[in-house]
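Look at the two complexes coming up: subunit A is in both, with subunit B in one and subunit C in the other.
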Partner chain A sequence: MAAAIGLSILAACSFAAGWICPSGYAAQFRDAPAVAPCARFPLGTDELGRDLLARTLYGMRLSFLLAGSAALVSSAIAGLAGIAAGVLGKVFEQSLEACSNLLMSLPWLFLLLLARALMPLGMPAETSVLVTFLLLALLGWAPAARVVGASAQSLRQSGFTLRARAEGAGNWRLIWHQLWPNLRPLIATQFLVLLPGFILSEATLSFLGLGVGEPLPSWGGLFRNLEDYSAVAEQPWRVAPLVLMFLTVACLQSLSSEASQRKT
Partner chain B sequence: MRFLRAITGPIVTMLIGGLLTVWLVRQAPGYGTDPAELDGRWSAESLAALRANHQNHLTVWRLYTGYLKGLARGDLGTSLAWNRPVAQLLGERGWVTLRSSGLAVFLGWASAVVVALTYRFRALPFVSGVSRSSASALLCLPSPAVALLLCIVLRPALPQLIAAVVTGLAIFARVLLPSSAVLSASESEPHVLQARARGVHSIRLVIWHVLRCAAPALLSLLAASVPVAFGIAVPVETVCNLPGAGQLAWLAAEKRDLPVLTGLTFALMAVTLLSTSLAKAWSITGPELAEGRTA
Partner chain C sequence: MKGVSLVLLTALQLSAAGHWGGELRFAIYSDPKTFNPLLVTEQSAGVVRYLTGGMLIRWNHATQAMDPELAQSWRVSPDGREIRFELRPDARFSDGAPVTAQDAAFTFHTLLDPKTPSPDADAFRLGGQQVTVEAPSERVLVLKFAQPIAGVERLFGFIAIVSQRTLQSAADPSRMPTAGPFHVAEYQPGAEISLVRNPYYWKTVDGRRLPYLDGIRLKIRQDRALEVNDLLSGELDLIDSVDPKAFARLANKGSVTAIDAGPSLDSEQLWFNQNPSAPLADYRKAWFHSPEFRRAISLAIHRDDLARLVFDAHAQPAAAIVPASNRAWNNPALKPPPFDPNAAQKLLFSAGFRLDKGELRDTAKHPVQFSIITNAGSSSRERLGVLIQQDLERIGIHVRLITLDFPSLIERITRTFDYEACLLGMVNDDLDPNSQMNVWLSSGPSHLWYPGEKTPATEWEAEIDKLMVQQSRETKTALRKKAFDRVQEIVAEQVPVIFLVGKHSLCAYGPRVGNASASPFFPQTFWNIDQLYIRAGHP
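Let's look at the complex of A and B:
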């Protein structure tokens, strides 16, 4: 409950970023570079005079939208692949296993890095957002598909499914009336499990300069402010985006573990 | 049959993965182009010779078979950015990563198992609470952020130590809860309950009954941690400026050094598939061996 409330507050703040910081994330206050937190700039500004609160809130919004959409697409792919593997027989099951083995044969971050490196590197910021979202969505579905596939297979052997088959139900009817209602909570749980992982991956990729490009704000981009170690000791407020990200991911992890426990 | 599938499965996956990588590399924008082509001083014949040298005319299949033949001789091509053999680069930098991450993986895994054992069998709610909360907190932060925080506290004077600590902490966080679940499952095995009822000493109970039963699953967790460690090494070595394989992957991605990326992909696939196969083998043979022993 506390996690849901915390997450709602964070999400509301990020979506109200335009109202909280009307000047926007890209506005540069050249008269105020690297200022300490004050009434005008509650989290201070960076070296270019950009409001860090605005960048943090807009970055949070981008992360919610980007990781949320990617997790939605990934769980949809996982759901479709898992159900197909569970219902349509051995060939689909083996194909799913081969595909997921292939995707999981490389460490997740290296897979993202490799796929990103094989695309044009100097792309506009908006395109970089789309590319990051697509990479996360298209490469991250394999573990979730395995879970859904295993569950679909066990449901295929269950009494009510066998009875529906005996009564002459075809594959579509079986999927729509028997499997989908039972698998829906599991797919929703997979969405919640994927979401924090995608937020962390996007942050890491952007931190390495291969994710969301400047001037768009992202959590990974904001972490680069921490690379100047001596400046962080003098300006501890630079850690604020990290604290907000920690809270967001903690709330999401807590919600996903609650959902998993409810499922079991 | 199962043994044969266990061996051929990873090899086939690696070959298909390799083919896909070569295909993607061949399709990558800028593949086979040379900055020299923009230099007006080169004659048309020289430019034609340069292009012929880049193997642009070869099909993906010919490129792949050529690459595999080279691989069999230990030749992974030459790096475009460093102008050195890829195998040499991987050997040098892989050793650095192995030194900084290898021990960290083992220590992270071992400490997670020891902590899980401690709070399961000594009923220490404080240890349980602190270790679980710290593991959950570590999972909420991206590894480069943990590395940056450590760099701020320790100063970047000891990059190898910082990389090892971050890797160890990340593995600890990922292994703690699964190992606790494994120990909990083996704790409720009938022979453990019987030994407990007979009043077997707790240390003897843990070593001879619980750990023996849980060993295959715990070893599987160790094997599964190896690819995770490399995923952590990429951003952490970049933050710590440690010249390991992780930093090499990042630099190669930034410089679009496709031969290095292909070589790294093959090497990592081999490591990941080997460790996952080991994990599978332990999880299959462990219970069978245990059954054989009791029979």
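Let's look at the complex of A and C:
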């Protein structure tokens, strides 16, 4: 419950970023670079005089939206693949297994770097971010598909499914009336499991300078202010984005644990 | 000088009498790729070469002139085709063997052997492939060139004299005899290199052989983030290159001496792709080929803000190819372009561009937008890019900043030419214009905006080619300077490269180091290594 409330507050703040920080994330107050927190800039400014609160909130919004969308796509693929494996039998099940193994063996960071290197330079920053997250979604569904597939197979062998088949139910009816209602909570849980992973992946890529491009803010980009460890003790407010990301991921982990426990 | 330069041994001037003994500790950022001083291609190997190598003559950072070292005198012939060195009689390798002219001749024969992949050899072949090396006596070395090489003396500052024994033991650096102030005692890959003093080093003070230090411990650290903390805790004694953001904090610590040594030779610049075979739309190529367009972009960039915000004012707006710190070659008539967005817009309007609802459009009404690529992981370059983005937005130009991993970036700017503009830095450790031939000759592989032109694409590039070749063969310094000044003027007029800022050298010494004297040029903190000492009471 506390996790849900915490996450709601964080999400609400991020979506109210335009109202909380009307000057936006890109405005450069060049007369006020690297200032400490004050009434005008509650989290201070970065070296270019940009409001760090605005950048943190907009970065959080971007992360919620894009990681959320990627997790949605990934869990949808995982759900479809898992249900198909459960219904279509051995051959599809083995294909899914092989495909999952392949995807989970891929050096995804290298693939993302390669994809970024091959992107046309004329592509707007927003589109390149979307493509990056789409790639994350397309590469990240395999573990969730395995979980959903295993459950779908177990459901296929369950008494009520066998009875439905005996009563003449076809595959579509079986999926719609037997598998989907039973697998829905599991797929929702997989969404919650995938979401923090995608948030952390985006942060990693952006920290390396290969994720969200400037001037768009992102958590990973903001963490680069922490590269100089020795400065953090003197300017502790620099850790605010890290704390917010930690809270977000912790809330999501807690929610996914609660969801898993509810399911069991 | 009338074509002849004769330099006699000058008395060594020390800034203060030192304390003998002790070990200096500082960091290098990777394992040296080689200990063979003739094959140095990267900085860590360069540091080891600087500390252990004995040069015939060496560049003095304080006077910006060559000092005698293993050679006690040298003379360039009036036609500039011959240089004759007289070696000092007391020069010895660290194993006690004398340094002879035969060793020096062996060094240059090996260096100039086509089988030796030495990056330092090409500079000696500027005057043609034929370089004759002779050792007519134990102490005399003569090199003869097919064509005169301007400023030939400076080339010898990079060549450490080796003997056959040195190269035979290059695989085990602890057994390599060297003729510099130190030699390698132990190498632990990935951890550290321990150097100890050369007991036979030729330079003396008060009858005792320098260096003051017993040894140097080079700690191999790939992560530079903790270097400042290590300096403050006393684990390290100096940092050659301090990040501007960390510099302010260090400067506030009483125990550490943080020094802004002034403008270095390193600069940051932006250039547009002018390669006609680039896979870009023709109208975009037309923008980039337009000198008015390039000049307007240059005028619209607020260089003072770049220096102040990105480098904490430890940089200065760049004016031209050569920074003011290079006193011999800087053209003082050239000043950094002022920040003037109105003048930039006027220039663009004169070239047919128009503003449409705040957006700049060319004569065919294409919106003027382009991307700037730079290398990922460089916070300062990303910040420069973000400031330039906002500056150009004021004149109606939308810029996309794209960070790429370094190999991808190099692939684009040197092979596929699939880019519009590039923001990168230029690192230079040689003051002479000949070191920049590969950049300014139109056929040069590092001719940034259009590498390897078969024939000069424009008249002004043809003129630069002519002037660069002319200065490289001219032995009279004043005439070389005149030719290179004109090159700098042409580059300032045509703006093929937009020079943004010249970075200062920021370095720091811990409290143990005596005789510290920082230089803006590599190696900033230990260029006078044989005179640095550990203060008494600081074991």
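In this text, the second predicted complex is superposed on the first by the 244 of 264 C-alpha atoms of A that agree within 3 Å, B and C clash if a C-alpha of one lies under 4 Å from a C-alpha of the other, contacts with A are read in each partner's own complex, and residues count from 1 in each chain.
Here is the rule we use: contacts are C-beta pairs under 8 Å (C-beta built on N, C-alpha and C of every residue); 3 or more make two chains touch, one makes a residue touch a chain.
Here the structure is a predicted model, which is why all the values come from computation and not from measurement.
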Partner chain in contact with A:Q28 - subunit B first, subunit C second, else both or neither: second
Subunit B versus subunit C as contact partner of A:V249, first or second or both or neither: first
Partner chain in contact with A:E227 - subunit B first, subunit C second, else both or neither: both
Touching partner for A:A98 - first (subunit B), second (subunit C), both, neither: first
Subunit B versus subunit C as contact partner of A:L208, first or second or both or neither: both
Superposition-derived comparison: subunit B or subunit C, residues of subunit A touched: B
Subunit B versus subunit C as contact partner of A:G170, first or second or both or neither: neither
Partner chain in contact with A:G89 - subunit B first, subunit C second, else both or neither: neither
Partner chain(s) touched by A:R116 [first = subunit B, second = subunit C, both, neither]: both
First (subunit B), second (subunit C), both or neither touched by A:P185: neither
Set of subunit A residues, in rising order, touched by both subunit B and subunit C: 113, 116-117, 121, 208-210, 227, 229
Subunit A residues within the subunit C interface of the complex: 26, 28, 30, 33, 47-49, 113, 116-117, 121-122, 124-125, 128, 208-210, 213-215, 224, 227-231, 234
Residues of subunit B defined as touching subunit A within the complex: 9-10, 13-14, 16-17, 20-21, 24-25, 27-29, 136-137, 139-145, 148-149, 151-152, 155-156, 227-228, 230-232, 234-235, 238-239, 249-250, 252-254, 256, 258, 261, 264-265, 268-269, 272-273, 276
Contact set on subunit C toward subunit A in their complex: 225-226, 228-229, 232, 243, 245-246, 249, 305, 308-310, 371, 373, 376-379, 382-383, 385-387, 389-390, 400-405, 408, 411, 418-420
Contact footprint of subunit B on subunit A as seen in their complex: 98, 101-102, 104-110, 113-121, 196, 200, 203-204, 207-210, 220, 223, 226-227, 229, 232-233, 242, 245-246, 249-250, 253
